[in-house]
Amino acid sequence: MDIFAQQLVNGLVLGSVYALVALGYTLVYGILELINFAHGETTMMGSMIALAVIGALFGVAPDLPGIMIVLAGLLVAIPACMLLGYSIERVAYRPLRHAPRLAPLITAIGLSIVLQNVAMLIWGKQYIAFPTTLLPQGRHNVFGASITDVQIAILVLTVVIMFGLVTLVNRTRLGRAMRATAQAPAVAQLMGVNVNAVISSTFIIGSALAAIAGVMVSANYGQAHYYMGFLLGLKAFSAAVLGGIGNLAGAMLGGLLLGVLEALGAGYIGDLTGGFLGSHYQDIFAFLVLILVLTLKPSGLLGSRSVERA
Amino acid sequence: MSDLLRVANVSKHFGGIKALTDVSFTVRKGEIFGVIGPNGAGKTTLFNALTGLYQPDTGAIDLVGTSLYRRKPHEILKAGFARTFQNIRLFHNMTALENVMVGRHTRTTSGVLAALLHTAHNRKEERDCMAYAQQLLTRVGIGKHTHTLAKNLSYGDQRRLEIARALASEPKLLALDEPAAGMNPNEKNALRDLMVSLREEGLTLMLIEHDVKLVMGICDRLVVLDYGQKIAEGTPDVVRHDPKVIAAYLGGEVVV
Amino acid sequence: MNVLDYLKGKAWLTAVLLLLGLVLLPFMVEASLGKSWLRILDFALLYIMLALGLNIVVGYAGLLDLGYVAFYAVGAYCWALLASPHFGLNLPFWVILPTGAAIAGLFGVLLGTPTLRLRGDYLAIVTLGFGEIIRIFLNNLNAPVNITNGPQGITQIEPVTIAGLSLGKTQEIFGITFSSPHLYYYLFLLFVALVVFVCMRLENSRIGRAWVAIREDEMAAAAAGINTRNIKLLAFAMGATFGGLSGGLFASFQGFVSPESFNLMESIMILSMIVLGGMGNIYGVILGALLVTMIPEALRYTGDLQRAVFGEVFIDPADLRMLLFGIALVLMMLLRPAGLLPSKLRRQELAEDAT
């Protein structure tokens, strides 16, 4: 088995998840210049809710096709997360839109804590297993790398979603309103754009993507945990910054790049440092790359939309 | 009169856009020197390039023998070249007095240790700095607003405060970027009096201004920019009749 | 109110009463709430130091630092390595503490240098990354050379010993028994006083004004003659030094350090103390630190409450308290977005009252 090809595949799959979550950060940041710190928790919630539905459905009707059961979980998780994202914005951010800049950051942190602990109280502190047997178990060999059906599904789904999102932003009325709001909220409002509705929509779209990403990540790794949203969210945000925050293509590129870097880094760090550092330094890559990129090119790889006020 | 600031062939481009092309002029000691031109002519870019907020691409900038070319803003200020901003940039959540005290940063020396130990030198410096700042506030006419937060001052008073902050560094040359913008006639008159009296005290002023009446009335000499290039230089009378200048303004406001 | 009116203008009397109260506080706490609350009080003092240190960076200079806990960690590990059987060292505290604080300050400059050009959220994410990197290294630097002892952390750290008197044991002085947390309380109080003193002096100084000017408008600050690079680095270094100082004290007090104590959540907690209390205002920050330390501890009593109301404990209070803390954080921010004691506003109001 070719380690390079294998890590590349793993990295792309992981990167797809980062990219989807990163899109949520970037959409919101592009419009409100706000880090939605609770976004990682939305992802976790998506994963947990889907798993709960899948578990329940599997208990009631074990004869249903596995795909159907997983799909049902996803279809419940998506609207649930949309509602969650909408509520987060209404409760924690909207009242503070004109407050000092750090205030919404703190409410976001507070909400993260709340969501984590709610999840812990409902689902417990243990890892929850994803019934992977429900999904096709096929393995394929591509360029010396082994890739599972689930991983193929993740990659395909991510590409489809990204196309859908780009179309939405560039071709629809809502997308136009979003772009206008991002450029100049006050002007957009004067032109008849319902800014509040646009902002809500942004949170809802981002949260739907987070739900999908949450299900993907737990299907890929076969487990979910109430604390999983934290690091995932952190890395996804890093990915968004890496690509250039506020920039959709940047979030996708940043996510994929970060996933690949992490996977390759974990695979090769031992060789690179003569065994001094092991693969448990994997998490360092995300941050090292981030620090390097930001120091050398602060606007990210593809440039950030929001121009820093000089 | 001797030369104070020599600007030679300063150019600056942003991507493909040439914001300044080979701009040269000289400001003489003790004069009020105007920089005029239509919107987008590159006046503020010129100020930014001179005061270190932008790095010019080429050229030479010289303040009585000290090169200011590509120096940091704080070094340029220390060399004696202070400025104000077109869109007033104050420290909003500091009081008027504190704003001016910050302006004296380069003329004071106390560091962390001095502040912690409250050394005699530090105490004296703080006292002097405060007195100096208060005096400047009075000088520009906002002496009674010492402890008002900058953001709570009226628009005209904010402009004055910005001038006071710039003066606090005891500059040789003060560059004002549209100081009269948004002022009513009374405020404009007060501003003009202030500028004239500053000049009388030996300060040299550079002035970007849209109010042609004000500029023509107060400036000793002018440079006219259009599309980032100097199209004319001279006394108000010379500039006023320059065909290039008239063309640039389309025979508009400059014909007074 | 009458008492307050009486005390107005009698600064020395207020100071004496305050001092007396602070000296007697641990006796009262220990007698009424027990030793565990005395320890909580000690931690509150540590967090006041940390929060005041971070306040220099975030509150004064306006640099959003989400990796502040890294400096706390550096200070703590310095102490742990220099005064424990791990390396067989046991240096006196007046050597270790300044060393730890200085090394932490150095790390502050190290982190500050590459991030100087960054602003706002970018700075936040880079500092956050820096904090995580430090933690990951602490977790993994046990092989091939065992420096940090990895996830197990370092144990049997020596307590502070002053003039042969170990603060790690119960001591009897002038016939009065002082428990270890009680002794540490006085030590920490002393350091808090020092940190508060430093902050107050700096706040109204040339350097303090330069910090605030940078926070308000960096470009205008540069044009007003401030060397923004150096002054920002100074803020990083000062904040980090306080972090390192608190870290050293923490290690000696706890007797044990492990990477888990220095996760991102800790940085976030310290930040929330500042924002909650009122950024840039020393009293606000102290209040914020006290609240954020005390509230989760007080919420442990929800178990008793549940028993009283329902006759049994439905939810483990340890699980419930963070949830309630999160809710409290959100609510307090929604009600007082500028913090409980906003800076300047107070001074401004006072000034307006006077005129």
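When the chains are written out, they are named A, B and C in that same order, and each has its own residue count from 1.
Convention: contacts are C-beta pairs under 8 Å (C-beta built on N, C-alpha and C of every residue); 3 or more make two chains touch, one makes a residue touch a chain.
Chain-to-protein mapping (UniProt): A = Branched-chain amino acid ABC transporter permease LivH; B = ABC transporter ATP-binding protein; C = High-affinity branched-chain amino acid ABC transporter permease LivM.
Values in this document were obtained by computation on a predicted structure and should not be read as measured data.
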Starting at chain A, fewest touch steps before arriving at chain B: 2
Geometric centre: closest chain by C-alpha means: C
Interface with the most contact pairs, given as the two chains involved: A-C
Centroid spacing, where centroids are CA-atom means, of chain A and chain B in whole angstrom: 49
Interchain centroid distance [CA atoms averaged], chain B/chain C, Å: 43
Centroid spacing, where centroids are CA-atom means, of chain A and chain C in whole angstrom: 33
Touching two or more other chains - residues of chain B: 53
Per-residue multi-chain contacts in chain A, two or more chains: 310
Residues of chain C whose C-beta touches two or more other chains: 219
Residue ranges of chain A touching chain C (in the complex, touch as defined): 29, 33, 35, 91-92, 95-96, 99-107, 109-114, 116-118, 120-121, 230, 234, 237-238, 241, 245, 275-278, 280-281, 283-284, 286-288, 290-291, 294-295, 298, 308, 310
Residues of chain C defined as touching chain B within the complex: 198, 201-202, 205-210, 212-213, 216-217, 219-228, 234, 238, 343-344, 348, 351
Residues of chain B touching chain C in the complex: 51-53, 72-74, 77-78, 82-83, 85, 89-94, 98, 101-103, 105-106, 108, 110-112, 114-116, 118, 122, 125-126, 129, 147-149, 152, 165-166, 169
Residues of chain C defined as touching chain A within the complex: 58, 64, 114-115, 117-122, 124-126, 128-130, 132-133, 136-137, 139-140, 143-144, 219, 264, 268, 271-272, 275-276, 279, 315, 319-320, 322-323, 325-330, 333-334, 337-338
